[in-house]
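Each structure below appears as structure tokens.
The following pair of complexes shares a single chain, subunit A, combined with subunit B in the former and subunit C in the latter.
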Partner chain A sequence: MSWTAHLTSFDRRWIYLLIALSVILPMFFPVSFPERVTEQTRSVYDAMEALPEGSTIMIPFEIWPSTLPETEPLARAAVRHAFMRNFKIVSLSNIGAGGPSITERVLREEGDAFGKIYGVDYVNLGFKANYLAVLTGMGTSIRSIYPTDHSGTPLDSLPIMQTVDRYDDVQFVFAISDNATIEYWISIVGARFGAKIGAGVTAVMAPKLFAYLDAGQLVGILGGMKGGAEYEKLINRPEWATRGMGAQSLVHLVIIAFIVLGNIGFIASRRNKAAE
Partner chain B sequence: MMRGPIPVAVAFLAGIFMVISFFSTNPAIERVSGDFLNWVSIVSGFTILLGVVSIAHANWSKIQRRKEGWPYAVVLRVFRAGMLVSGFSEGVETGTVYDWLFTNLQAPMMTTMFSMLAFFIASAAYRAFRARTLQATLLLVTAIIVMLGRIPVGQAINSNLPDVTNWIMAVPNMAAQRGIIIGAALGAAATALRIILGLERTYMGRG
Partner chain C sequence: MDPVTTLTALFTLAIYSFLYRDNPVYRFAEHVFAGLSAGYYSGLIFQSVLVQQLWQPLIGGKLWLIVPGILGVLTFARLSTKWSWLSRVALAFVIGANAGILLMQQLHGLVLPQVAETMINMGTIKGLLVVVGVISTLMYFYFSKPHKGALGVIANVGMWFIMISFGAHFGYTVMARVSLLIGRVQFLVIDWLHLVD
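Up next, the complex of A and B:
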């Protein structure tokens, strides 16, 4: 077999092995690089910083368990920032399979770390079926859609909900999403009800949202692990996302290396054929 | 009767009412549209139940006929029953059996399945990303710039890479995405109009 043929026909198991090592090795030997903060991440941070202390914000967790490694770090970074500023957080999820559990876990853990009390500083409204109806209905009355929280406690008995019953009562919405619901937060909650929206999404979704960012319908975007790492840098608490960027960097480099090798082989074999 | 004029009239009236309520701030209209939305949420809840019943039926017939992979169907039935019983018996809050099952079984399994993508994407990129034509070469070069620009190493290689990446995302990418979004929105609006006017009746089980 010629060298060009070798370059174009690596056994895929070698690729799998290198990808696995690229993910595993940075866990044992952390690699960190200086992170440059993009404009779209800084915009979310600035929007949160511009709110007065004690403001109420809404953080919907529209995420499936499958994307947690990418979305949870940025979710935690945003929740930490909110608690650092003493914001009150109203949370919910339109993902029935696990959304409320993820919301509960992240809010409880971060809430405990900051000494926040459930029902006073944050609340998890849980899941209700049909996100279009839920998002539209909450514009009129959150209580009409969620008479109780995730645990079945009536909203009227929770101190945090005494001043909140519609989008007008929250000062900012930071929607964390790994699916199309983010577009409904923008087009229904943002466009129709006038709420200020920031988005935390998977990296693969971020390119689509640039159209909304340019139109002013979105304040900013945290895109995937990188968005989370940038946000952690801004709040000066480098944690999960910052650590994850080492693995992501190596994986990107491995993929690029294989693409380049494959193309060198491809171009060389094409020249050989032309010469023959 | 249920495929005749009555459902079409209901769809027409409900559709027109919801369009009006979108633009209205009248409290009475808001209250009625709120009720409508609650009904939608309740009906949607029943569609989830339909999904549960459907998967139960499909798995049961698979087990009965000993089709290929039937033991997996048994595992699915056992764990689904476990989630149902634990969820209904003590709730779904933190610290419950349901929450434990979700956090320690379901979430890691879903995450594992999704993480497989990294391996397949790497393999597929190596095999498919070839500079065969000018367009393919442009896509290839753009992908490499964006992949490098999205990691801190890219910035170390060339400090302008993140800026170039941002420009690609904010200008050519955004223009293409905007076209797609506008096209899809027009299509959705046209479909909604066809349903309201009774021209689109596939939701009743026929064209």
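Up next, the complex of A and C:
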């Protein structure tokens, strides 16, 4: 078998092995690559910085457990930034399977780290079915959709909710999403109710959202693990996303090398066939 | 070692065993995952929809909720050959209501702002690129005339825009999938085996 045939037909499991090594080895021997903060990430940071201390923001966790490695680091980075600025956080989730418990875990852990108190500094409204009705209804009254929080406590008894009952009462919405609900936040909460929205999404979704960024329908975008790493850099708290980006960059280099090799093999084998 | 963490790790390895070849361990893990997800979701919907949004308000006095309740029951008429036509009543309501809500919301919230943004920035190079990209891409999907002459050239330009867009999507998709792999490996190496702090 010629070398060109080898390049186009070798067992793909060798690729899997190399990718696995590229992910595992950086955990034992950390590698780091320069991290440039992109404009779309900085815009989210700037929007949060522009708010006065003590502002109330909404952070919906529209995420499934399967995308946590991507979405949790950027969610934590945003929550940390909010707590660093002493913002109050109103959270909810339109994803029933796991969304509310992820929200609870992230807010409790970060809240404890910053000495924040549940019900005073942050609240988890939990899940209600039918996101169209939920997003539309909260524009006129959050209480009409969520009479109680995630654990059944009436909203009227929570200090944080004394001044919040609709989108007009929150100064910024940072929607974390791994699915199409982000477009409903843009089209309902942003376009209809005029809320300022930033998005923290999985990398798969990020390219589609750039159209909304250009149109001014989004303030900024944190795209996947890289977006999380950039945000961690901005708030000067490098954590999981930053740690993962070394392996991420290494895997990308391996994939680029295989794409180049595969194309060389393809072109060479085509030339060989033409010569025959 | 925490038994739950160990069980999670074993299921993770079972799923990844598919990368070597299809095998019974992988299929067992896949079926357990599908079954658990279906069971969990059924319980969730029962509690959050039937109990919280139907039964509790109903006994609280909101009797008009009998109507959506009956419509919900009608969807199960599909299980009977004789009465399956009744399920169309409920489906017609769901489709009609969603179409009515979504049509205006999508039009005002997504389509019109995007169309407007495409037009108003034509004075800049970026704006011009967007307009050329949108029009040529739309022309690529115009199949009522053969892609020859001027139409062929424009469609070809559109194809390049589509290819560049696919490239950007592919790059981001690779990043997304690798992130998931990193997350799982971090779980195995750090949370399960404690090999790294």
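Note that in this section the second predicted complex is superposed on the first by the 276 of 276 C-alpha atoms of A that agree within 3 Å, B and C clash if a C-alpha of one lies under 4 Å from a C-alpha of the other, contacts with A are read in each partner's own complex, and residues count from 1 in each chain.
Just so we're on the same page, contacts are C-beta pairs under 8 Å (C-beta built on N, C-alpha and C of every residue); 3 or more make two chains touch, one makes a residue touch a chain.
Model, not experiment: these values are computed from the prediction.
A.B. asks: Will subunit C clash with subunit B on subunit A after the two structures are superposed, or do they fit?
C.D. replies: clash
A.B. asks: Of the partners subunit B and subunit C, which touch A:Ser2 in the superposed model: first, second, both, neither?
C.D. replies: So A:Ser2 meets neither subunit B nor subunit C here.
A.B. asks: Output check: A:Asn86 vs subunit B and subunit C. Expected answer is one of first, second, both, neither. What do you get?
C.D. replies: In the superposition, A:Asn86 contacts neither subunit B nor subunit C.
A.B. asks: For subunit A, which side has the bigger count of touched residues, subunit B or subunit C?
C.D. replies: Larger number of subunit A residues touched: B.
A.B. asks: Touch test for A:Gly190: subunit B only (first), subunit C only (second), both, or neither?
C.D. replies: The answer is second: A:Gly190 touches subunit C but not subunit B.
A.B. asks: According to the stated criteria, A:His150 is in contact with first (subunit B), second (subunit C), both, or neither; which is it?
C.D. replies: first
A.B. asks: Touch test for A:Asn272: subunit B only (first), subunit C only (second), both, or neither?
C.D. replies: Neither partner.
A.B. asks: Quick one: is A:Gly137 in contact with subunit B, with subunit C, with both, or with neither? Answer first, second, both or neither.
C.D. replies: first
A.B. asks: In the superposed arrangement, does A:Gln162 touch subunit B (first), subunit C (second), both or neither?
C.D. replies: neither
A.B. asks: Would you sort A:Phe28 into first (subunit B), second (subunit C), both or neither based on which partner it touches?
C.D. replies: In the superposed model, A:Phe28 contacts subunit C only, not subunit B.
A.B. asks: After the superposition on A, what does A:Gly216 contact: first (subunit B), second (subunit C), both or neither?
C.D. replies: After superposing on A, A:Gly216 lies in contact with subunit C but is clear of subunit B.
A.B. asks: Show which residues of subunit A both subunit B and subunit C reach, each in its own complex.
C.D. replies: Overlap of subunit B and subunit C footprints on subunit A: residues 16, 19-20, 23, 66-69, 96-97, 128-129, 132, 136, 192, 203, 206-207, 211, 214, 226, 248, 251-252, 255.
A.B. asks: Which residues of subunit A touch subunit C in the complex?
C.D. replies: Per the stated touch rule, the residues are 13, 16, 19-20, 23-24, 27-28, 66-70, 96-97, 127-129, 132, 136, 183-184, 186-188, 190-192, 202-204, 206-207, 211-212, 214-217, 223-226, 240, 244, 247-248, 251-252, 255.
A.B. asks: Okay, in this complex, where on subunit B does subunit A touch?
C.D. replies: By the definition above, subunit B touches subunit A via 22, 30-31, 33-34, 37-38, 40-45, 47-48, 91-94, 99, 102-103, 106-107, 110-111, 113-115, 118-119, 121-123, 125-127, 129-132, 140, 143-144, 147-148, 150-153, 155-156, 162, 166, 169-170, 173-174, 177-178, 180-181.
A.B. asks: Which subunit C residues qualify as touching subunit A in the complex?
C.D. replies: 19-20, 37, 40-41, 44-45, 48-49, 52-53, 98, 101-102, 105-106, 108-110, 113-114, 116-117, 130, 165, 168-169, 172-176, 178-186, 189-190, 195-196
A.B. asks: Help me check something: in the complex, which residues belonging to subunit A touch subunit B?
C.D. replies: Interface residues on the subunit A side: 10, 12, 15-16, 18-20, 23, 33-36, 38-39, 64-69, 96-98, 100-102, 104-105, 108, 128-130, 132-134, 136-137, 140-141, 144-145, 150-152, 192, 203, 206-208, 210-211, 213-214, 226, 245, 248-249, 251-256, 258-263, 266-267.
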